[in-house]
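Take a look at these structures.
What follows is chain A paired twice: with chain B in the first complex and chain C in the second.
Right, the complex of A and B next:
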């Protein structure tokens, strides 16, 4: 039992000694301010109907949960905020598209009990500069996170979806 | 814009009317040219102008009415568009989609596999088996509190019959509470945080039809225990787990009861005279890479020499028939799992260091079953290559020895070595067909060469 006490104290100390700031939730306004620091972006919506719904279903592996997706834009830059289920809970993902490629991607809210690694820069920076190939797959390699396959898949699919929608708006 | 073509027609008609009036005026202003018999009189012309004026007024009124209708239609169209946006706003809102009933916060999942073993498992027959059928049932009470459970049926058929090898087993059933940001505690039955497969073993997540032997015999996957566990992120890619839980329970019996795998209590009225403790540190701060180090300790693997309450036999006895207790054990495990592009690598080493008292432990017939068991270890290395999203191949070398500290009598030739070659074909990211061929070359010269096939699913 003495060992149990030692472990309990160790656990409590570890939980209070974490040195990194809590980054479980980034408000959408904060995300958009970081994307458009100099100007107020315009906003518009894309209706996921007809062909767009079919392609979105193919990309996500399920029918989209929303009828529309809102995006913010200024110049050549578009910012999207999309919810997608990881294993059981929705992950809120912010994606910035510039031209035909991802300029930045951030996890605004992560609600799963595992797979927290996808929130961090060492994972998300892999998406920078990635675009879509002719088969609507990402045209670069994203190394996954062991034990977080479904969260990584959600990030990949959302990236593909917003790249496709951005291209469809531009065309 | 509705009505616009009609409006344009009216405007054109007005222009024509104005032109007609102008011509009529020109005719009136022209000097008489001596053709008094064909020209209309002034009175007739005035009548014509009056008629034209009346028509003009009528056209003007119709135009005004059309303009009003068009404006009305535009307003209605805008209202419909605004209402549509408002409806979509409600449907798309998080409150609408998250749902307030318990059913909306409850999820069901599953995994399972059917395996074929071509005399490769040590049995004398070929076997085709629904090895496991697993249901997950989870519930999210709120953002910080959740229930997680996993129920398994093994080998499909359970009955009081020697031909029914099946079992129903709880593998997880715990409440998890995020008591601080990035830290949580759970209580209930959970999977011991050790090895690669013990916590993540859905069929589509690993190569090979069967689980590797190290994570079956040395780490008794699926090693599930009742207890409590703290876990959390430390930053910079490091995370930890600290668990306090039920331990293994050695007993003297009729055969394999001293094997690590057969000493699991599996949360079934588990003896708690000696607790188990597990601590693990993981590094996942580089995409595709996982490094793990775990220690698992128990002060007395005999549970103070007790006997399981549902089995009528002695606890642990030695070769002289004397009771034995206070056999401590420490399991150390380290692993690497790496996937970068198409290349993959897994390697794991695990070792038990058990009190030397076990060397004299015996079965009920006083045969020295404990000989050689104070050291048990194993390791494997598994490079792989993912040719495409659907197809990947691997090779794996395994070494296992459950009676490593002695090489005489029953402990002689206890090491097993095997090499496997095979592939996975993913019909879908969550559905896989597996094949492997194993070359068994162990010290006991058992002929276990053969192939295995498997089908697995998860959702």
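Right, the complex of A and C next:
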């Protein structure tokens, strides 16, 4: 009786946490303020046309949803906010690039009921210091999360895309 | 009941269930790879299927005319010159043509579109867009926005939204009622894109497509397959040397 009661409570908590997680949201303005606390960043755009569109399509596995991506910058730091589909709904991902590596990555909005584990520090801190190798793959190992394959893939692909675009701007 | 009788029964059940084995195997295989095949995001596009599902017909919510076309909304779906735009959108409040192409204003965003209905960029609160837009207007070389907080002069290149009252009287974009043929075409497209291939395959696989009759048939087939497995094992055991 006691055991079944514990199981019931655990099941309720798990179901509650899975639905609660999908409601977490960090406003993009708040994200940008945290990235650039001391200064007002400039903003610019990158047009995803021609070769850039081909490479972006190769990285994402589909044609980019928009023709240009916006970024905010101050000094050597750039912040990108990108939407990418996990399974069926878009995940809003904020990425900070310093030099040629990821300084920080955050899930700003997660709209699906599964895979929300990617928003936790234990997963996102793996991206810190990661750059791109010559094949436009991440140059470090990112351990996946069982049951969140598509969300993890979305994070990886967005990371690769913004690293590539940042490099293309610097060059 | 002897071995020969079981063999005959097993053979006949096999013939009856062959079609369903093929159907379940094929739909099962497709569903197993639904995501990689894009079946969850591809739509059947058939008004016949939509009617079969009894999908409730939506109404055209609102439409605005630009210099060269129409921007319309049905529920949360936007159409630019008959082309359905990706994603769900908040309430459409107007559209204007500008140097960049077409600027579509919803309550929470500005969609910058090419004239071929390709999305250039979506501007929202993180870009400083005023909250709760209610109208848009195209003045001489300028775009004006009306929001709950007042009027704003928009500079989409510099991403500046300056709160200021218009210098001259503006004609804020107002909605219009499209011709019946145009409305029917939009509604037909909208309704035909409500059912994904994944949904259809799931309902075919489970029998749900034919309602309770279909579910009963699938249940009977399941019992038949169990019976075939049992008779098959029994026949094998009787035939062992």
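Observations on the model:
Here is the rule we use: the second predicted complex is superposed on the first by the 148 of 171 C-alpha atoms of A that agree within 3 Å, B and C clash if a C-alpha of one lies under 4 Å from a C-alpha of the other, contacts with A are read in each partner's own complex, and residues count from 1 in each chain.
Keep this in mind: a residue touches a chain if its C-beta (ideal position, glycine included) is under 8 Å from a C-beta of that chain, and two chains touch if they have at least 3 such contacts.
Keep in mind the model is a prediction, meaning the values are calculated, not measured.
By the touch criterion stated above, A:117 is placed in contact with chain B alone, chain C being left untouched.
By the touch criterion defined above, A:43 lies against chain C but remains apart from chain B after alignment on the C-alpha atoms of chain A.
Contact with both chain B and chain C is seen for A:88 once the two complexes are overlaid on the shared chain. In the superposed model, A:68 lies in contact with both chain B and chain C. Residue contacts after overlaying the shared chain place A:126 against chain B, while chain C stays out of touching range. Contacts of A:146 after superposition on the shared chain: chain B is touched, whereas chain C is not. Legend: residue contacts after superposition of the two complexes on their common chain; A:27 is shown touching chain C, with no touch to chain B.
Judged by the number of chain A residues each one touches, B leads among chain B and chain C.
When the two complexes are superposed on chain A, the residues of chain A that touch both chain B and chain C are 45, 65-68, 88.
Taken together, the chain B residues at the contact with chain A in this complex read 85, 88, 91-92, 94, 97, 107, 109, 138, 140, 143, 146, 148, 176, 178-185, 196, 199-200, 205, 230, 232-237, 239-240, 242, 244, 275, 277, 279, 284-290, 297, 299, 337, 339-341, 429.
Note for the complex: chain A touches chain C at residues 27-29, 31-32, 43, 45, 65-70, 81, 85, 87-88, 90, 150.
On the chain A side of its complex with chain B, the touching residues are 1, 3-4, 7-8, 10-11, 14-16, 18-20, 22, 24, 45, 65-68, 83, 88-89, 111, 113, 116-117, 120, 122-123, 126, 141-147, 149, 153. Listing the residues of chain C that touch chain A in their complex gives 35, 40-41, 86-87, 114, 118-122, 124-127, 159.
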